[in-house]
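A, B and C label the chains in the order they appear, each numbered from 1.
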Amino acid sequence: MGIGNIFQVFQPKDKIFFVLFEKVTENLVAMSNDFNQGLQDFDLNDDSMLKKMSDYEHKNDEITHEIFVELGKNFITPFDREDIHELASGLDDIADYIYSSAKYIYLYKSPQQKAYTEFSLLIQKACVEIQHAFQNMKGFKNMKQVKEACIKINSIENIADDLLSNSMAELFETHDAINIIKVSSVLNYLEIVTDKAEDVANAIENILIKYA
Amino acid sequence: MGIGNIFQVFQPKDKIFFVLFEKVTENLVAMSNDFNQGLQDFDLNDDSMLKKMSDYEHKNDEITHEIFVELGKNFITPFDREDIHELASGLDDIADYIYSSAKYIYLYKSPQQKAYTEFSLLIQKACVEIQHAFQNMKGFKNMKQVKEACIKINSIENIADDLLSNSMAELFETHDAINIIKVSSVLNYLEIVTDKAEDVANAIENILIKYA
Amino acid sequence: MGIGNIFQVFQPKDKIFFVLFEKVTENLVAMSNDFNQGLQDFDLNDDSMLKKMSDYEHKNDEITHEIFVELGKNFITPFDREDIHELASGLDDIADYIYSSAKYIYLYKSPQQKAYTEFSLLIQKACVEIQHAFQNMKGFKNMKQVKEACIKINSIENIADDLLSNSMAELFETHDAINIIKVSSVLNYLEIVTDKAEDVANAIENILIKYA
């Protein structure tokens, strides 16, 4: 038995959830980085960014499934089973909507909009804050940092709200109805990503209220 | 006292919820069958399909109300009261959005789209799987079948996602902005039905996690 | 120590939540009154209504924050902590979507639509019923009145549903794609307000089921 295995034997059973959430949030941070980078260097004829997003989305699905399997096996969980379910589903929604945003950007062949990269930067920041929140939840030690991350995510969502309305106002100046329908649809998917990040932050705050 | 009454006296109190959920899911299966049939033989001048959908929707409301009344009367429930509330609300949402889809198809006089019937077939399959899941939940005996039904509903939702994006791409090829707004609105309602079916599947999986 | 302070000392700790919910619902009633009035006397060149909506929205945020702070401090709550969190979030959503509706009405410079004021009247009625529900929840004494208020909110949401579809049918008669996109977007925000009111009513009914 190697050192790694010994460690695993003595590891409290409920740590597995923190390990899995760390994997999910790491995946989301990498996904949002590549999404943002892909939009900055956008090339409609090169769909490698879309393929990457699809891969990240599948990986997220797999880890989410692992979390649900562990929920079925473990009696001891760091917090209520429903809360773990809600967190995992919320993180999965974030990956789903980043992927949907990418899909419709390619599908509608909508030209690279400044607003798209502005949104992807906000999404990247939100994913980094979500990672911070989960890193600091381990052992319920750094609750202040968790709370600060949640506040930042809420403020990112407010900025995204304003970005959406300002982008829509600019978009209508094109007076091109079909283009307006396409771009507004992508902008709405992008804005939902930040809504889903806020949902995760709210679920975390709900857990803090119960256990703090 | 007739045999029916004797049976009811000895029936465990919590069976009433399975009986009512069986009624709801039976209603949903019939509704989705008639919706699919109605779209296949679509005739804008004959609104009997829309009237049927309205009737099914009202019937669903009534059984949902019965479930809530029973929740208020019964101390013993087969699973948490909140879970029963969530399941009943989720099933009610499915009926609501099928009805809304039908309503906007007639309202917008949007020509019969191939995508509409493709969606209605997916919706019908999802409703049949929901019925399977509830039939197998009785007594918590056939948990494997319940889980399989939930997996199928999730996979139907994925297919519906792709159907939506492919249909949107085709729709934009018409270059008719007003038609695009109308049809995309109906497609979105149809896609929400499969989202709501997935929500019910997730609520069921959540219950499995708690009780399995 | 003044009489006010003595009173506060002897006041059961959990009354603070009813006091705070009374503040939120009072704010929502005033907000919906001014929204309705502002739409009746609508003047695109005078954005004082929009500023008022922004102020009400901020005030709602502050009281919601107070509720969350109290949740963190109080061991004793009148009902489950998660339920208080859900109610506070639901009421916050109502204020958010009224503000969003106002914002997009000004942003899109969309002419005053009859449907807008019809919606704002429904929203005002829903907010009054929400206030009634909370006033009657104190001490769990007037449960019948709470239930009646919830039923009225549900029926307002049904009326709003029909208002939306009728307004959309009229809107398409303008045959002006860009105008249709703008107005339908505002109508959707307005309809979401009544959906959020229904969510609050459902959360209240859920609490009644647990405690009645």
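Just so we're on the same page, a contact is a pair of C-beta atoms (placed from the backbone, for glycine too) under 8 Å apart; a residue touches a chain by one contact, two chains touch by 3 or more.
The shown structure was predicted, so the numbers you read here are calculated from the model rather than taken from an experiment.
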Problem - Overall pattern in which the protein chains touch one another (line/ring/star/complete/other) - result: complete
Fill in the blank from the handout: The C-alpha superposition of chain A onto chain C, two copies of one sequence, needs a rotation in degrees (nearest 5) of 120
Completion exercise
The distance between the C-alpha centres of chain A and chain B, rounded to whole Å, is 29
Exercise for the section: Indicate the residues of chain C shared as contacts by at least two other chains. Expected result: 177, 181
Problem - Contact set on chain C toward chain B in their complex - result: 161, 165, 168-169, 172, 175, 177, 180-181, 184, 202, 205-206, 208-210, 212
Handout entry: Complex contact set, residues of chain A against chain B
Key = 68, 71-72, 81-82, 85, 89, 100, 103-104, 107-108, 177-178, 181-182
